[in-house]
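As written, the chains take the letters A, B, C, D and E, and residue 1 is the first residue of each chain.
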Amino acid sequence: MIIRKKENWLKMLFVWEGSVLPQILYRLILLLLISVFVVYCRGSVFNYKIQLNPGPFTLFGIALAIFFGFRNNVSYERFWEGRKLWGSLLNTTRSLTRQVQTLNGEEDNKEVNEFVNLLVSFTYALKHQLRHTDATPDITRISGVLLADKLKPAIYKPAMLIKEMGMWVKKRKAKGDFDSIQTTSFDQSLNELSNILGGCERIASTPIPYTYKVLLHRTVYIYCFLLPFGFVDSLGWMMPVIVVFIAYTFVALEAVADELEDPFGLEPNDLALNSLCTMIETTLLEMSDREVPVAPVREGYIQD
Amino acid sequence: MIIRKKENWLKMLFVWEGSVLPQILYRLILLLLISVFVVYCRGSVFNYKIQLNPGPFTLFGIALAIFFGFRNNVSYERFWEGRKLWGSLLNTTRSLTRQVQTLNGEEDNKEVNEFVNLLVSFTYALKHQLRHTDATPDITRISGVLLADKLKPAIYKPAMLIKEMGMWVKKRKAKGDFDSIQTTSFDQSLNELSNILGGCERIASTPIPYTYKVLLHRTVYIYCFLLPFGFVDSLGWMMPVIVVFIAYTFVALEAVADELEDPFGLEPNDLALNSLCTMIETTLLEMSDREVPVAPVREGYIQD
Amino acid sequence: MIIRKKENWLKMLFVWEGSVLPQILYRLILLLLISVFVVYCRGSVFNYKIQLNPGPFTLFGIALAIFFGFRNNVSYERFWEGRKLWGSLLNTTRSLTRQVQTLNGEEDNKEVNEFVNLLVSFTYALKHQLRHTDATPDITRISGVLLADKLKPAIYKPAMLIKEMGMWVKKRKAKGDFDSIQTTSFDQSLNELSNILGGCERIASTPIPYTYKVLLHRTVYIYCFLLPFGFVDSLGWMMPVIVVFIAYTFVALEAVADELEDPFGLEPNDLALNSLCTMIETTLLEMSDREVPVAPVREGYIQD
Amino acid sequence: MIIRKKENWLKMLFVWEGSVLPQILYRLILLLLISVFVVYCRGSVFNYKIQLNPGPFTLFGIALAIFFGFRNNVSYERFWEGRKLWGSLLNTTRSLTRQVQTLNGEEDNKEVNEFVNLLVSFTYALKHQLRHTDATPDITRISGVLLADKLKPAIYKPAMLIKEMGMWVKKRKAKGDFDSIQTTSFDQSLNELSNILGGCERIASTPIPYTYKVLLHRTVYIYCFLLPFGFVDSLGWMMPVIVVFIAYTFVALEAVADELEDPFGLEPNDLALNSLCTMIETTLLEMSDREVPVAPVREGYIQD
Amino acid sequence: MIIRKKENWLKMLFVWEGSVLPQILYRLILLLLISVFVVYCRGSVFNYKIQLNPGPFTLFGIALAIFFGFRNNVSYERFWEGRKLWGSLLNTTRSLTRQVQTLNGEEDNKEVNEFVNLLVSFTYALKHQLRHTDATPDITRISGVLLADKLKPAIYKPAMLIKEMGMWVKKRKAKGDFDSIQTTSFDQSLNELSNILGGCERIASTPIPYTYKVLLHRTVYIYCFLLPFGFVDSLGWMMPVIVVFIAYTFVALEAVADELEDPFGLEPNDLALNSLCTMIETTLLEMSDREVPVAPVREGYIQD
């Protein structure tokens, strides 16, 4: 995800990087060529004049914009819910870190560190599950090779890590460090982690219904490629400019909505999961008075 | 529910499977034939010229799109709420599985397994209730014939299964395994299951008000079948193309909204309840260190 | 509330029952007559030609549709929130029934039944309060004449019934059946009932601001009765058809929104409170192993 | 707030009271006069013909309607959130009343009454804080002159009343009436009161951004006062009718949105806080078996 | 943030301060000059007539308004969520202040004050983190130089302050002042603080996707600078007035949305964090019977 400082309104018009333009450039050029050809032929194909006028395009363009408003909204909500879940992950891991440090009298630092490591491992394992990559190297780095080996065959690694945290609590309780009330309180925080995990899995595994996307995609492209015929008579040589301008907005919006829909991917507008993992690791280590081995999140450009 | 990889924008235009087109094809062909006939007669029926122009269609088409935006939104929200409830089911069953394993000292594996089986049975029973099918075979497979027979006459099987879980907790408490605090904590998780069950029942039993659907349905079809008369004079032989294109979008959107409205059905865009059941069974068995008898969810196409 | 099976798209066009048409028929016929008269006079009244054209009607019709979209949304959300509250009522009463049965060792069935009866009485009392009818017969049938007499003078019967449940818990606690933790857990569930009650009261007592409704109502009707003059010149004898069609949609939508706004009434689109009461009674009795005296909810048509 | 029974569709067209019309009448008459003058001059000012046509007004009118839809939505949500908070206040005070009566063995009625009085005082004090009026007379009437004097200098009286409730609980706990668990349970309900208080303060102290309102206000009025020039050529002497009709809708909607935005005020569409206070007082006294000194809420017209 | 009393509708049209006009004035003057030039040349550039008409502008203007409606909505929701989080901060700090005062028998005022000071420090530290300013002076003023020095190197100061509160609770528990239940209750409130912190960080660190903003920004400006050519033929010398009017609305709306998007900044429409900090400090000190050293929030103009 690219984060940029506020910019001059004039500069912002000519931004290239971070714009969706490169991605859809060829389609727009294709449309431009077709438009120019249509003007050149004055709207006739094989000497047959395509009898179209702006009327139905106005009617349908606005209807399309309304359906697009809905599509945008849904995509953005998925993006934002994904971000909220990772925000909750930060809150819950911080709270759990505070709780293991403050809940009881004399804390054994080794045990506290072990638990905090489990939290950090969970964070990385969640990222890897969402991106279909291997979590083993990160788990090895954080919680050691023993746990990494144990979790290697697991299909749902983050779920198993929550269970490990539950086992850690059970062990402490058996030693008499925690009573029933404290265990229950921990349990609720672990349930919260479970909800975050399930929420991310839900967004990742259930896209916007495919039929829906096909329908809007089809409608947008047919609309844009019919546009030149609709406006050729009234706009003449200005038609290609206007058509490409209108098409740019619709096609680019669809492309952005498509990216936001799956917020855990690696496209430019997706969530900066790497930076979020680093940030959670940093703050948890800071809270447990350990040295911070990773560079804190840099401001300005965040390339993920 | 069909889940497909991201596709080329060009390929996506010619998708057949997973599109709603097959379902509404005959209506569109009927409209096409009528449109061609209207052009042929130049908008006259029995030598009486139907005096219509695009004006009222622009006005009304946009109003229709706005009402449709609302209909779409409501249908999608029902779909997504259904998905959220099943996501919560995953989270809650995972949390309960962790809790029975970690809450107390020496766990009797047989008892833990019995409880996890109840959770899996509940998941399947919920699916069967929502789809009006018989849950007995699945309950027999998972929790044994004794329980299946006991639940056979029950009208609300999932509700009875939650009660069985409550009875399991009561039994453990009577044996002194759980104290009041742990019992209360379990109880809250069982209440959560009850909320999930009730939420699914609510969506399944309360459709969008029928009057509302009739109204929009009627409006869309009358609109589409009047369209040819409105555009015949200005578009000539291009009219059938444009009319079918506009009608395709409206009619297809209504069809998709109709499917999403009841997300627990068996239509192509409905939720993949079978896969979700399998997934919950897999992760719960993995968490309780038992062998996973069912194939985990395959990626790519999920046909439910 | 009428629930119908999915129907053929063609049949659905000619549905009469369950459509809002009967309710607004006279208004539409009035409009039709006016339209025909306007065509006959060619848009003149007392030989004065009303100089109107479709222009302002397009502009205003779309604006109207946008404001209507908002009105619809708000009405539907009230309907759906009402449904959610009754769904929560089902969940909470089920959870409480499970809790009284499983929370402690040897349950005195008489006491359990007494509590479940209070829950069922509460459900019926809530329905009666929302519909301004007398709850006494139902309370007598379920919880006996003693309680019914005691509650007769109460203004807020459901609130008093929650207090009775609290008294039941207090009595059990005094006998040593419940400890502090269990009492607190019960208390939270009773608070939940209190929230449901208050939520229903809120929807029932606070309609959409009256000014708002008057404004939209007035705008819709003035708009529809001006429409004939706007389209008479361009559409001729087709004008009455188009005008009645447009008016049908706007007027019918307003009528549906008006019904949904107060979801606890007795109009065709209102919530099926009778069926919901029966369903809650059925499932609670089933859970407490008592015979089910009322017929379970029939599928298909539900007339409330 | 005015609540009226459902009315005949015809009668509703001629409602005067409860309509926003009186408030905006002079502006509409001014616009009417300008419109008539514009028709009389045939769109010329000082012999200079203002060259305008309906085109840009259609474009901009619809855009305006969309922005208004947003403004309406936000205002209504503020109104409804305010109503929800007062609904929660009813629920929470009822729950607390039930809790003080049922939580422990022998209740000292005097102490229970003292606590219920604090709840009622809180309700009135909240109303007074939101309306910037003096709460002292009401606190004196309900909880006595001692407490009223103590709270007189307080800036945030309702917050201080919650603290008083906390002190009451502390006193009871010191006497051994409550244990830790019960105290915690009370504390959570008091936190809920704190959330309600803070929620109301938030809505009251943070209006919709001023810039936003100025922008829409300005746009609406400039639009309406330019309208006559746009439609004078095409509509002639019908123009003033149409222009005032369109302006009525836009200006009235802005006026309603402006009222709803601050739901705790004293304008006709604001929340009936007086009635809500009376209702809460009535139900709490009824629940604690005390005589109800205030008249219960009358049905029909509620003038606040 | 500027808060103003309600104003006369006429006065509101001529407001200068608090309007976004100054900020976008130069752009509008530039557009005005271009428009005048276009009228002067009658739509020709270098003797080449730009062949444009209002048609595509109507189509696209409405589509643009729809996309803008979405952008506005998202920006406002971010603003309002930010406000809600600071409202929760007020509620939670008030509740914690009440809890430390009422939870146990004899309170040591020094210890209570220390905790309240931590709460106030947290509030200021959060403001400073969100605005990237140094929290040390405020922490020194409130909680003393010792704590300020300790927190100086911390990257996430507010998170460390929550940990300090946890440590305070731990110390009290070790002294036997709190039991497990009370500690858990405190812990939940501290978790709530952690959620507020994380929520603010989320809004501050994740802007609306940049691509999205670039796209809309570009579309609005290209649209506005093409407008003169579209309306020059039909509006003549009235065109510059209309074009600047339309552009004013779109450009101003984008500017407002841009400000609201990041609600923690220092622009005129951002949240009044300074006033909120002062208010929280005032109410917490009032609740703990200490003198209020800062002036309470003045009514009327709040310049932050």
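Here are a few things to note about the model shown:
One rule holds in what follows: a residue touches a chain if its C-beta (ideal position, glycine included) is under 8 Å from a C-beta of that chain, and two chains touch if they have at least 3 such contacts.
Please read all numbers here as calculations on a predicted model, not as lab measurements.
Note on connectivity: the fewest steps through touching chains from chain C to chain D is 1. As a whole-number value, the distance joining the C-alpha centres of chain B and chain E reads 38 Å.
Distance between chain A and chain E, defined via averaged C-alpha coordinates, is recorded as 24 Å.
Residue positions 58, 62, 64, 66, 69, 181, 184 of chain D each touch two or more of the other chains. Under the stated contact rule, the graph of chain-to-chain touches is a ring, a single cycle where every chain has exactly two partners. Ring order of the chains (start chain D, then chain E) is D, E, A, B, C. For chain D in complex with chain C, the touching residues are 1-4, 6, 9, 12-13, 15, 18-20, 54, 57-58, 61-62, 64-66, 68-69, 72-73, 76, 79, 83-84, 87-88, 90-91, 94-95, 98-99, 101-105, 179, 181-182, 184-185, 189, 231, 234-238, 242, 245-246, 248-250, 252-253, 256, 259-260, 268-269, 271, 282-283, 286-287, 292, 296. Chain D contributes residues 27, 50-53, 55-56, 58-60, 62-64, 66-67, 69-70, 74, 154-156, 159-160, 162-163, 166-167, 169-170, 174, 180-181, 183-184, 187-188, 190-191, 194-195, 197-199, 201-202, 205-207, 209-215, 217-219, 221-222, 226, 258 to its touches with chain E in the complex.
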